[in-house]
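The same chain A turns up in both complexes below, where it pairs with chain B and then with chain C.
Up next is the complex of A and B:
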């Protein structure tokens, strides 16, 4: 009998390219990957079990610590779900400030995703440039919210801090600088011949496969599914005239470029929000009541969904979190990695889907 | 002090190799360690190199709350690091478990139950400068005259 599989190669759980522990088992014939499988469970902490039976004031901080990279969106989705349950209305200024902070968080998340990709294809110079831009974005996040990573900025019925006039001026100046930087590095990425060899046409993920695998976020938008962006259904984003960016190639290059485009789009959104920032209160107040809801928001990696059930004292009785990475990682290992011609492309393909293991296993 | 020891001190002061292992954190500390690589903090100007190979490492940065999967694996990883070696706990999680150390969670903090921890950097997450400061203040204490001290 002819032997199909030469060798099965495990990658991980401690690997220079991943920041978090995950193991991929690749069945290879020569260098060609025939099939791949992902092994999870290194990060399971049981955060949903801790959340149950606790008041929302505690769950709010726990929700933020589901994921350290996209902590703002976890905060935002949980708080907006609580507002939907209790019927708390939001002052317009607070809604705009939420968009500003959320977009700053999305920018730093996309920058670190693209940093990881450039680091994985061994283009360390570009990776360091991107990490430098990310520090500038984090400075602005710190200016607005007071913290770098776990900000706890949003609360039911408003936000914690107002944006001062001098801060918004500094934010505008910094955004212009970030924009010049990102445009320059985007040009470097899209015109580099060696980057192109490592990225274009590698791990092509067609639109049909993407719909079948139910991928979300930039991975879906790189395969030509613009409607996967849930921001186009959020009331504040509709006011700001949000239009999703998308590409149709579906390869590693498209996935990274979609993220670059979204960074520029986020800068536009923040500038638009700063231009039209309404005057008024930032906290309306309100009491969290009993109820049950499912609420989704667009995290940097795709659709984030919270199922929440509360009792009359505002305690969380039941909660389930559906994070975007699980769909993307499954689609990546089962479809994208199949047929990849070199083992060196396995790591870069996996990173291009922007996996967040902490988010996924909780 | 012998000449050999002097040469070793000189070399070790400018080449500290760091490996990091995530034993179940929320990613916040991971990206703050990554931020140390950024040109703003520039960890390499102090002669510290980050790469995830335990066999050539001097310092192990541990992040996270110690999930059940890591209980045997962290010890294996620690044994692979050649002497002289030292482990630093980054963030609140390996020190106390932070918000995860509650009833019904799967975690088993602190990490010092499993491997010897030499220094702790509290914070949720600590700033990159604090992590850098911990590495820089610990390295000379541990690595200078290591062989003389062992006699």
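Up next is the complex of A and C:
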């Protein structure tokens, strides 16, 4: 007879499936997870405290160091918040270039998230293919911004570098190649019987629960909340005819597939931006002033919000960063993991929510 | 005796509650409940894990938008606020308190008085 025992199982802080250290304590009955808890504190940076009292020129570089995976969006949201406070307008060409860089960043973030998921469910071949595509995306990020990770591309009133005609052509060619690769690997993922076994119907997160837990990003959109995508309210994205991608299943499979779909959507958005890239300046100039704002942008993992207060010299007096992982990790641990029927699904479910501990602890 | 890998997380949880956004939320909730801020912080540290604590301001905002929409009395006492969004009470216990408050409101004809009495009961429950 199978014996059921109640055990408390700690997973992490150092675990082969985690990209960053975090500890999850699962209370189980046999293999079924009854509840889970998160323990943080292994990589606290205290970056908000470091930012306070510093001029925006320094905070700009600190902001993108909150997270190494989605550094571009931290740069973008901080700069757009400063522009909102100071009433700085943006030349149209710079606005489009920001979208191009932001979407390249989203692609590489989604690719590493899906790589982690495939690695966690032991599909290493697909995982490595995805990492290879991510390298190609990072090369394009470097082509446009001059750096692969911490680009510091956006500044108040513009961007730092223009996109040359020959780079634009090379970017288009690379995007076509990336698209072919992503479509191939997406097909492998969606039609793989073992992947399906490990992903479909696992850790289903209903729309009602998702609203209550205030999940954001692809995790919310996989549970049928398309309105969670803040890009549909961003002026440049509206010009590009942005429509959010979403699914209704709410399981691990849906979360990964939403990210795959968003990669293709990003390629489409970049191509549209390149086609309609306006001529003109890339910097409009402007002086950062005193003020206060709460500004949100759509990071690869969901809504990223900066609460900023500045003085008349453009110094950041107070700053709080609400990252998407705060909401998603909390919802994942307390709702998605609850009731998971196999302990093997704990790691894959956690990874399916694309957790970023660096963002969560800041 | 605890396991070697079990750490005392109280200090780290306290640091999470020290951010300006958390401080303003905790003060607001403490005001609503008529209790001291350190008492509420202590209750939060005892009942919530670190992920809940990090996410408190966002969850509170969600309650403002979505929580207890259908029942004014439930919203006045924060039925879903203190069980789902800021989980400080057991849902069964809150259900019991909500029923009591409802009965009081029906009997006295004053929902405000009943809600104040309900908040007192919630405060006692959080402090125990």
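Heads up, the rule we're going with is that the second predicted complex is superposed on the first by the 357 of 362 C-alpha atoms of A that agree within 3 Å, B and C clash if a C-alpha of one lies under 4 Å from a C-alpha of the other, contacts with A are read in each partner's own complex, and residues count from 1 in each chain.
As a convention for this text, contacts are C-beta pairs under 8 Å (C-beta built on N, C-alpha and C of every residue); 3 or more make two chains touch, one makes a residue touch a chain.
Computed from a prediction, not measured in an experiment: that's the story for all the values here.
> Since both structures carry chain A, what do chain B and chain C do when superposed there: clash or fit?
Result for chain B and chain C: fit.
> Of the partners chain B and chain C, which touch A:148 in the superposed model: first, second, both, neither?
In the superposition, A:148 touches chain B alone.
> Should A:329 be classified as contacting the first partner (chain B), the second (chain C), both, or neither?
second
> Please indicate which partner A:360 is in contact with in the superposed arrangement: first for chain B, second for chain C, both, or neither.
The second partner, chain C, only.
> Please compute the chain B to chain A to chain C angle from C-alpha centroids in the superposed arrangement, rounded to the nearest 10 degrees.
100
> Given the superposition on chain A, which partner contacts more residues in chain A: chain B or chain C?
So, of the two partners, B touches more residues of chain A.
> Go through the superposed model and pick first if A:212 touches only chain B, second if only chain C, both, or neither.
A:212: touches chain C, not chain B.
> Which partner does A:41 reach: the first (chain B), the second (chain C), both, or neither?
So A:41 meets both chain B and chain C here.
> Should A:65 be classified as contacting the first partner (chain B), the second (chain C), both, or neither?
After superposition on chain A, A:65 lies in contact with chain B alone.
> After the superposition on A, what does A:320 contact: first (chain B), second (chain C), both or neither?
The second partner, chain C, only.
> Enter the shortest inter-chain Cα distance between chain B and chain C once the structures share a common frame, rounded to whole Å.
Shortest inter-chain C-alpha distance (chain B to chain C): 9 Å.
> Where on chain A do the contacts from chain B and from chain C line up?
Dual-contact residues (chain A): 41, 44.
> So in the complex, the part of chain B that touches chain A is made up of which residues?
Chain B reaches chain A through residues 21-32, 34-35, 37-40, 51-54, 64-65, 67-70, 73, 77, 98-100, 102-107, 124-125, 127.
> So in the complex, which bits of chain C are touching chain A?
5, 7, 9, 12, 19-21, 49-52, 54-55, 57-59, 61-62, 66, 84-85
> Which of the residues in chain A end up touching chain C in this complex?
Contacts found on chain A: 10, 37-41, 44, 48, 211-214, 307, 318, 320, 322, 326-327, 329-330, 333-334, 360.
> Quick one: in the complex, what on chain A touches chain B?
Residues in contact with chain B: 13-16, 19-21, 41-47, 49-50, 61-62, 65-69, 71, 112, 115, 128, 131-132, 134-135, 138, 148-150, 356-359.
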